Amino acid sequence: MSQSLEAVSLECVRGDRRLFSDVGFALEPGELLHVTGRNGSGKTTLLRMVCGLVRPQTGMVCWGGKPVSTLGDEFFRQLTFVGHLNAIKDELTGRENLMVEAALRGNPVSESQAASALSRMGLKGHDRLPAKVLSQGQRRRTALARLLLADTPLWVLDEPFVALDVHAVETLQHAIAEHVAADGMVVLTTHQEVPIKAGRKRTLHMGGSGTGVAA
Amino acid sequence: MSQSLEAVSLECVRGDRRLFSDVGFALEPGELLHVTGRNGSGKTTLLRMVCGLVRPQTGMVCWGGKPVSTLGDEFFRQLTFVGHLNAIKDELTGRENLMVEAALRGNPVSESQAASALSRMGLKGHDRLPAKVLSQGQRRRTALARLLLADTPLWVLDEPFVALDVHAVETLQHAIAEHVAADGMVVLTTHQEVPIKAGRKRTLHMGGSGTGVAA
Amino acid sequence: MFAVTGMVRRDVILAMRRRADVLTTLFFFVIVAALFPLGIGPEMATLRIMGPGVLWVAALLASMLSLGRMFAADYADGTLEQMLVLPQPLSLLVLGKVVAHWLGSGLPLVLLSPVLGLQYGLAPDVLKVLVISLLLGTPVLSLIGAIGAALTLGLRGGGVLVALLVLPLYVPVLIFGAGAVEAHSSGLGGEGHLSLLGAFLLMALALSPWAAATALRISLD
Amino acid sequence: MFAVTGMVRRDVILAMRRRADVLTTLFFFVIVAALFPLGIGPEMATLRIMGPGVLWVAALLASMLSLGRMFAADYADGTLEQMLVLPQPLSLLVLGKVVAHWLGSGLPLVLLSPVLGLQYGLAPDVLKVLVISLLLGTPVLSLIGAIGAALTLGLRGGGVLVALLVLPLYVPVLIFGAGAVEAHSSGLGGEGHLSLLGAFLLMALALSPWAAATALRISLD
Amino acid sequence: MKPRQKRFALVAIGLVALAGAGTLVVNAMRSNLVFFFSPSDVMEGKAPHNKAFRLGGLVEAGSVQRQADGLTVHFVVTDMKKSVPVAYKGILPDMFSEGQGAVAQGRMGADGTFTASEVLAKHDEKYMPPEVADALERAGKDPSKGQHPGGQPGGMPSGMQNGGA
Amino acid sequence: MAIHWTKYSAPSAFYPMAGRSLPWLAAGTLLLTAVGVYMGLFSAPTDYKQGEAYRIMFIHVPAAWMSMWLYIVMAAYAGLGLVYNTRMAHMLAAATAPTGAIFAFLALWTGAFWGRPMWGAWWVWDARLTSELILFFLYLGVMALRAAIDDRQRADRASALLALVGVVNVPIIYFSVKWWNTLHQGATIDFSGSKMDRSMLWPMLILTVAFWLYSFVTIFLRARCEILERERHAEWVGELLDNRG
């Protein structure tokens, strides 16, 4: 069942500031939404709103036509989110991190699956170290390896390329392009370019007033 | 008195791994050292070693020919370090952060100086908000504004461009180039390009064995 | 149900990696229990009267101190955020975390309490009631504590703020827990107190995972 | 010297921004002091004996609980790293942080203790000795605590681990602090105890900033 | 399970737990959770034996005897069924008087006398001017018995009757 | 009903309404307090048992009642705010807490003051006294939590949740004297009537109404400040401030 993601006239107020208002977009399978904007324009907040982590002041986010706030688990089952925090446990090794997270999702993966996802992210030989000792970039890679194991249609990625070196950036760009080509959906923010092979790319620019109807 | 920075056959062992060995470089006023390398190759560790935060297994770091471990404060007075943590207090506003830090250094700055540094970093209008509510990029900008106030010859910057948007990247590149042109020294890591107007740029590539004599 | 067990497994593995945590809660309990005779003087008669109260207060403080651990690490590294977007009821995940917290901070105290009780000269049957009261009471402390920990997530000085929030709700548990032992040792039978503790436990089981889950959603907004 | 005052100023400003921190330490103290009569029973004679001990233990716990705040925030946001590369002697910066910590967590307790002492039925002259003993003792707690807090920096479960590390060193302070009050109220005169406390204070002032600074360098390596 | 069923199951489990809690509370109320013990409790051996406890009831009319030292007092505490003699040395609260409620803290002696270390006065929930009380008394009603049909028998302050019922 | 109460859930409507009613409420508070205090001190007779000391009751009982009632009010607003996400409800909950805390403190303090002559003890750990103390700490907890959180929405919702959790304590306070054997007296006034002479009952009831009006006054005042602060960028606040000059 292929679903669509839609945001309708979202508004966010933080403190005294109206961060954004009347932001909307619609995303079909096989599409990528690149959220751009200056620092502090509200990209992270928008992404968290899409995931149901932040409640919009007005407006709503819909999945397959239904508001995600009423869908609950049903929506989360379609979603993989990589925030700007890596969400990996320092005490666990890379493999264990992936396995534990998959088990909690309800789709357990085997150790060899986890290992192969990590080695695709260029972490071969580092996947049995506790995450604590990894470098910034290695930690980011571990967090992103989750995407290679997920079979959810919707990926939401907040600055996924941060701290990655050129190799890793390439690998990730490739993975994203493949996901889109396979009728997946991606919402991401980044200050870099995101080339995709197939599918459609939309851009949503945040900032200024009357922002945000996706082009 | 213009001094030089020199690192002599540094070695670092972490856990069971020899992260790097026999790394050395020499940096004169008006030079920039760009430390490159894959994720996990030891760039952050090297920079912290230069600042005296990590003790090398063998080798040493010298300032003006003397080991920094014996120089203590004298060396720190020449150094501004921006690590991958931003070192700003959530409770304080941007201005207060800069002022408090400068006061502790022993070179107090006035509120208007702090405000102008922040506005040069594009934070005009955000410099009275508690840092807690700022976005990732805005926080990074606040941390970097320190550089504009510092009058130390040596800057050590760990991935300063992370989370910055294109405007901010440009501003910072400009500031770095100016510092180098004014006979300053910069050691930085980044996966991006760093154009400078005047002075000399060296590159130190970490990774592989026998790494690291600066070209 | 699966969400609960999965979470418990995860947190128990993490606790095993950091065995120091569990051990230090235990040591804290032991040390507080040992401090009192130092602060007050070693008269056996006084100690016997104070014993149950001191042990209960020590257990309460130990449990409260370890509340900080319940969500803080997950919050800081972003795994809590991920938990909120897992396709599982959040309240069950929270229940799992609470159970794991109790296994690491409540259960060891319960198991250790008879030994410390002996030090205060408590009789065997009194010790039995002490253990039962702690067995019923410490999970309530973890459950209530979860709400406080979730509410104060990420606030500076949260450790002390959480104390302020949960202590008022801990007080009844303390009163009936220590009261059960006292009632028993004075020949009254502590059944009434114990069944009230049981009632607290059921009530907390029913309400607190839900309240803590709501608090988490609020704290991460 | 400038490093000390600058640091104190900074930390006091930060504490003012989060007034809740100071208030909650106070509340914690009050609540613990109020819990004991609950756990132990309300006999005035017993309470009067226990009073000084309980207040001292409560002050010790409150001070210990707030240790987490001393370096943790600075560590997490990277300002501690910056402190290490400041052109100032680290031990003086640490001393500044300790003083600020005491102003926010020790001094208020000292000021509040007479009120709580009244609740335990202590006589005015006993209260005076209590206040003096706390005035000498709580800075020692902050100073010793700084070493523990610095050593456990960034370790998960640090809150409990730090308790384990500092409690053994706290015990003598507790014994002589509570002992001073007891000695006085039993007519022996607490001067001996108090001057020992003073000796502890001077010793801690001389050694602990240096030890804590070294511990910080180790923790950040 | 569908999400809706899941939620329903969770709510049902919660309700069952709450019902269980209710049952336990009722059960607890039936056993004694008390601030003090009545003389009947003491006589039936329900009160602690070698430990301090609180004894509560009415001070029997005409039972108060002051010793020559002016400080030691003997009186009898009763709940209209059983009574216990009490000895106390110290200052009594102003409200302490015969026919009034009192709560004494102390231990039972071997001779059957309760030695109190502290005596608290307990009063009932009735407030009226003295004239009304007189009038009621003249009409043959004990004023402390209450003007309501549901008034307490035996003139006990109501709190003293329901030993946790 | 002719008045649409829901309309006042908008801050812009609540603000002037509260402003208009404040003088009346304040006048009522002063008047009833004066009458109540006069009656309590002079026209109410001496009690047949407690003598004059019982007059503390005229403060103690209304304060105790209000402390419990305001907690319920606060929790109700908190619940409304959580469920319907209305700003006004959160502001009212925030404004209610300090008044409630003051009354709880007053009840504790007058109770202790009264207990000394009546019972012979300032304080005992019986169920009524303990649960009222817990109420006081819950108020403090709600306020401290709110103060500790910078983000206003999070502060609102977090303290609302805490207020709701604490509501279990209120019935415990009320029924504690029934369920347990307490040193505190049982209910004088309950749903079956009063065991108090009319001449004493009236001043107490009048003072209760006075305290109630006082709560309105302080809560409205605080809510108005809160509104101005939170809505200072709203158009209507701008107009309001302009009109003032």
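Letters A, B, C, D, E and F mark the chains as written, and numbering starts fresh at 1 in each.
As a convention for this text, a residue touches a chain if its C-beta (ideal position, glycine included) is under 8 Å from a C-beta of that chain, and two chains touch if they have at least 3 such contacts.
From a predicted model like this one, the values you see are computed outputs, not experimental measurements.
Common neighbours of subunit D and subunit E under the contact definition above: C, F.
Chain pair with the most C-beta contact pairs: C-D.
Distances between chain centres, each the mean of the C-alpha atoms, put B farthest from subunit C. Central chain by Cα centroid: C, whose mean Cα position is closest to the mean of all protein Cα atoms.
One inter-chain figure worth recording: subunit B and subunit E are separated by 75 Å, centre to centre, where each centre is the mean of the chain's CA atoms. Here the spacing of subunit B and subunit C, counted between their Cα centres, is 46 Å. Rounded to whole angstrom units, the spacing between the C-alpha centres of subunit E and subunit F is 30.
Computed centre separation for the pair subunit B/subunit D is 37 angstrom, with centres defined by C-alpha atoms. Those residues of subunit A in touch with two or more other chains are numbered 14-15, 55, 73-74, 84, 90-91. Shared contact sites, meaning residues of subunit D that touch two or more other chains, fall at 18, 20, 24, 27, 31, 38, 41, 73, 76, 156.
For subunit E, the set of residues touching two or more other chains reads 6, 29, 33, 118, 164.
If you check the complex, the residues on subunit D that touch subunit B are 2-3, 6-7, 9-10, 13-14, 17-18, 73, 76-79, 81-89, 93, 220-221. On the side of subunit A, the complex with subunit F involves touching residues 14-16, 55.
Interface residues of subunit C facing subunit E in the complex, by the touch rule stated above, are 89, 91-92, 176, 179, 185-189, 191-193, 195-196, 198-203, 205-207, 210. Residue ranges on subunit C touching subunit F, taken from their complex, read 147, 151-152, 155, 157-158, 161, 164-165, 167-169, 171-172, 175, 203, 207, 211, 214-215, 218-219, 221. Across the complex, subunit D is touched by residues 123-125, 130, 133, 137, 140, 144, 147-148 of subunit F.
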